[in-house]
Amino acid sequence: MESKFPSRRLPLLILLPTLLVCGMFLYYPLAQSFSWSLLRAAFMGLRTLYVGTQNYVRLFTSSAYLHSMWISIVFAAGVVLLGLSISLGIALVANRKVRGARIYRTALIWPYALSPAVAGTIWLFLFNPTAGVVNFVLERTVGISPDWVTSRNLAILLVVTAAVWKNLGYNIVFFLAGLQNVPGQVIEAARIDGASAWRCFWKVTLPLLSPTAFFLLIMNMIYAFFGVFGLVDVLTKGGPANATNILIYNLYRDAFQHNKWGMASAQSVILFVMVVGFTLLQFRTTGRKVHYGG
Amino acid sequence: MKRVLVIVMLGLLVFSGLVLAQEKTKVVFWHAMSGTREALIQRMVDNFNLTHPGIEVVAEYKGSYRDTLNAAQAAAVAGNAPNVLHSFEVGTQQLLDMGIFALAQDVIDQYGVVIPWQDYLEPALNYYKIGGVQASFPWNSSNSILYYNKTLLDKAGVTMPREPTFEDIVAISRAVINAGVAEGGITWPMHSWFFEQWMAELGANLLNNDNGRSGYATEINLLDPAAVTIMNWWKQLYDEGLWINPGRESWSQARQNFTTQRVAMMISSTSDVNLTQNAAFDGGWEVGTAFMPVPLGFDRHGVVIGGGSLWLTKGHSDAEMKAAAEFVVYMSQVAQDITWHQSTGYFALRKTSLQALDLEGWYKLHPNYKTASDQLAESQISTATQGALSGVFPDIRTYIEDAAEEVYGGASVTDALTKAKGLIDQALVDYKELMGG
Amino acid sequence: MAGKKKMLDWYFWRPRLSTLSTHLVLFLAALFIASPIIFAVIKSTQSTAQISTYPPQFGIGSSMAENYKVAWQRYNLGRLMVNTFGVAISVMVGKTILSLLAALALVYFDFRFKGLIFIFILVTLMMPVPVRIVPLFKFVSSLGWGNTFWALTVPFLASATGTFLFRQHFMSIPTSLVDAARVDGVGPMRFLWQILLPMSMNTVGAMAVIEFVYLWNQYLWPLIIISSNKNQMIQMGVKQLTVSGPEGMVHWGISMAGVVITMLPPLIMFILLQEQFMRGFALTEEK
C-alpha cells in the first residue's frame, strides 16, 4: 500500500469532473426516466398528469408494443446468427498465414467505420425498384422485381442484411483477436492424430473461441437493439405496417413524434431493465466488461 | 469652419445610422419549406427587410412540419421560441393547447395592424378559425388533385373526365396496364392525408364532436360507411396491382413513379403542379389534371384545405409583436400572394389575386392551376370540409397509415379499421383527460 | 526428373492449392464486403439520365464533378463536417483527459469509498442514451443548451470504458515505477503526464478510433437536440440525402456522392490507427 501518492483531496478533485458528468447526465436523467414513466405528458412536459403504472399496463397489454418487442427479437436473432456465422467463416480463412494477410485484414474490417445511416442510404439505393441494381439482377436471373421497402417480410430482410453488412468488420476484428488465442500446436497435434478439419473446428477451435463468440453475441444484440436506429430511420421508418418497428424506433416515435413522454419513459425503463439483464448475463458468464461505444 | 460642420454633421449621421441599425427589431421566423421554396421565402424575407428598415426578419428552415413543430416545442421549453412559426394544419389544436401562441385576431386588434380578412378565400380562413376567432394566418394552402399522363392515356385509348369516379380510376388503370404502356395505373404517397381528403369529399366528419370543433373529439369515425368504402377501393387497387405503393409518406417516390411514366396517374398535392409540368415537359409528354375521384353514387362535398399557416408566439416585447404581425400580414399581401402561387402551385389566398391572375390570362395558360382552384371553390362549407381538429393528429395519421398497410398486407378492411379506431379513440380520450376537458 | 516427379505429387500441390484457394476466398470476401460501396462510388459519377436507363450502366459516368459539387453545396456537407469534427475532437480529448485522471485517482491513491466510486462509474455502461432520452432532452433543453455545441459534448465527457481501460492498463504497470517517482519527488500530475501517458499510447489510440467513429456516426441525439442546420452533425446530412431535391425527386447520383464524402473521415481515421485499434481491443479482450 506504499505505492500510492499520499494526498486524500487530490484524487477526489480529479475524479470530480467524471463524477459530475455521470451524476448530471447519466444518473439523474435515468432516475427521471422512472418518475416520468408514471406520468402522462404533452407538449414536452408543459402539461402532465399522474397516472401511476398505467403506462406499463398499457404497454404490456398493447399488441403493438408486444409486436415491436417480437420484431426486435427476430431482428436481433437475424443480426446475431447471420453476422456471427459469416464473420466467423471469413475470420477463419483470414487467420491462415498467407502473403498479404494484413492487406486482406484491412479490406475485411473497414466497414466498422461506416455509419448505420450510410449503410441505410446505400441499401435504399441498391434496392430501389426504379434505379437500384439488385432488382435489375433479380429480374434478369429469376424474373422478379419486388418492392422491398413496402413489403413486410422483405423490409425486415433488407434491414437485417444492411445491419449485418455494416457490422461484419467489427465481428471479424474480434474473431481474429480470439483466434490469436487458439494455439497452432493444439490444432496441429489434433490433425496429426488424424482428426478431420471439420472435427478440429468443432472440438478445438470453437470451444477456445467461445468467450469471444459470447462477447460478440452480447455486443451484436446491443447493436441490434440500440445501434441501428439511423439505419431504420433512413430505410423504412419502422414500416411497412410496423414490420421493422423495433423497440428503439417505437420509443423515438412515441417520444418525439407523438410527444408521449410518459409512455416513452416507461419504454426507456423497460429497455434499461433489458440492458441490465444483458450485462449481468455477461458478467456472470465471462466476468468481462461491456463496451457500448459511449 | 464649414468643413468642421460638415464633418460633425456626417459624424452625427453615421452615429444615428448606427443607433437605428442597433434598434432594428429582430423577428425570428421558422418554416418548413425546403429547396427552391426555401430560396423563394428567403427572397420574400429580404424584400420585407428592405422595405421595413426598422425590422430584421431572420428566416430559418427547420425540416419537415413535424420537425418544425417539435423544434418550436423544445425551444418553448428552453424559453426561446421563435416569433413566427410556420405549422401544418393538423398541428392547430396542439398549438392552441400549448398556450405559447397568441391568437392572430388578438394581436391584430391589440397592435392595430391592418388585414383585410374579407379579401381572403373563405375555406382558407375557416380551417384556422376556432370558435369564430381567427387563430392563425393562412399562408401556404393546397389540397389534393389527380394528375394524369395524357399521352399514356391516349395510347391506351381512354380519356379522363373532369370529375372522375372510383370506378373510372379502376377502369383507366386496367386499360393502361393491359395496353402495356405503364407498369401500374395510379400512385399516391402512402399518407393519411388522402384518406382525410376522401372523408371530406364523401361528407363524413373524421372525428366526433363536429370534427373536434365543438369540443375535444373522443372518437374517430373509421367505421363510417364512407371510411369503409374508401379503404375497400384502396384494397381493390392494391390487390389488382393497379396502385403502386411508393412507401410511407414518400412524396418523392410517388412523383418519381409518375414522372418516369411507371404509372399513368398520381394523386398528390396541388403544390406539385409546377414540378410535374416541368418533368412532363422534359420527358416530352403531356400532363392533365382532374378533381379527386369519388365513388359512384356519392355526392361530392369538396376537399379540406391542407398546407400551413403562420402563428405568432406571445411573451415578446410590444415592438417585436407588432413587427411580427406586420411580417405575417406582408407574406400574404397580393404581390407576395401571386408570386408564391405562381412559383409553387400553392393557392392564391386573396380574391384580388385571383382576379388579377385571371385578367393576366394565367389560368388560360395554366389550366392545371385552374383545376385546383375550381375544386376548392366548389367545396361546400361544412364541418367535414372545414377539417378535423385534434391534439393527437400525429397519432391519428400513424394509426391510419398502419391500418392501410395492414389492409394491403392481407388484413380485412373492417379488422384493420376497428383496430386503428381503438388505438385512436384511446389517444383522443387520453388527450382530453390531460387537457382537463 | 525430380521436377517432373514433383508435378505429379499431390503432396507438393496440396499446400499450394490450399494457399491459392485461401487467396481466392479472401479476395471474394473482400469484394463481397466492398461491393455496395463500389456500386455507390460508380453511381456517384453518373447523371440522372445514366442512372435511370435500363439496363443499368456499370461504368464510370459523366457527371462526377457535378454530383460531388452539388452534394457538397446543396447538403451543406462542409459545414456539417466541420461541426462534427469540432464535436468529435472535443469529446475525444475531453474523454481521454477525464478518464486518465479518474484512472490515476483509482490506481495511485487511497481514499474512502474507492471501490464504490469505481462501481458508480462502471454502472453507467448500462445507461445508453435511449434509456434516459426524454429526461436528458428536457434537462439539456432547460439548461438552454438545445441546439448548441454544449448539448453535443458535455453529456458525453465521462467514459466508463476509458476509465476502465486506463485503470486496467495502469494496474499492469509495475508498482516500482511509482515508488521511484515518489523518491524522486515527482508529483502525481507530472507522473501521469511524463510516465503514464507515454506508456498508454495504444489505449489512447484505440479510444481515439472508437470515440471518433462513434461520434461521427451519432444519429439519434443530434436528430432531436439540434434544430438548426448550421449547428447540425454530419449524419443528419446523410438523412437529408434521401429526401427529395428541388426537382421533387431523389437524385441518386448526388446522394451517393454525398455518402462517399461523409464516410471518408472516419474511414481514414480507422485505417491510419488500425494497429492501435486492434491492440487496444485485444486488451479489452484479455482482461
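Lettered A, B and C in written order, each chain numbered from 1.
We take it that a residue touches a chain if its C-beta (ideal position, glycine included) is under 8 Å from a C-beta of that chain, and two chains touch if they have at least 3 such contacts.
What you see is a predicted model, and the numbers here were worked out from it, not measured in a lab.
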Category of the chain touch graph - line, ring, star, complete, other: complete
Chain-chain pair with the highest tally of contacting C-beta pairs: A-C
Length of the line joining the C-alpha centres of chain A and chain C, rounded to whole Å: 15
Chain A and chain B: spacing of chain centres that average the CA atoms, whole Å: 39
For chain A, residues contacting two or more additional chains: 44-45, 130, 256
Multi-partner residues of chain B (at least 2 other chains): 70, 74, 77, 256, 260
Shared interface positions of chain C, touching two or more other chains: 52, 137-138, 141, 224
Chain C-touching residues of chain B, taken from the complex the two chains share: 34-36, 60-62, 67, 70-71, 74-75, 77-80, 251-253, 255-256, 259-260, 272, 275, 278-279
Contacting residues of chain C [partner chain B, same complex]: 52, 137-138, 141-142, 144, 146-147, 224-225, 227-229, 243-250
Chain A-touching residues of chain B, taken from the complex the two chains share: 66, 70, 73-74, 76-77, 94, 97-100, 190, 244-249, 256-257, 260, 262, 391-392, 394-395, 398, 401-402, 405-406, 409, 423, 430-431, 433-435
Complex contacts: residues of chain A adjacent to chain B: 40-49, 64, 130, 147, 149-150, 152, 237, 239-242, 253, 256-259
Residue ranges of chain A in contact with chain C within the complex: 1-5, 7-8, 10-12, 14-15, 17-19, 21-22, 24-30, 32-33, 36, 44-45, 90, 93-94, 96, 98, 100, 104, 106-108, 110-119, 121-126, 128, 130-131, 133, 136, 140, 165, 168-169, 173-174, 177-178, 180, 212, 215, 222, 226, 229-230, 233-234, 248, 251-252, 255-256, 261, 264-265, 268-269, 271-272, 275-276, 279, 288-294
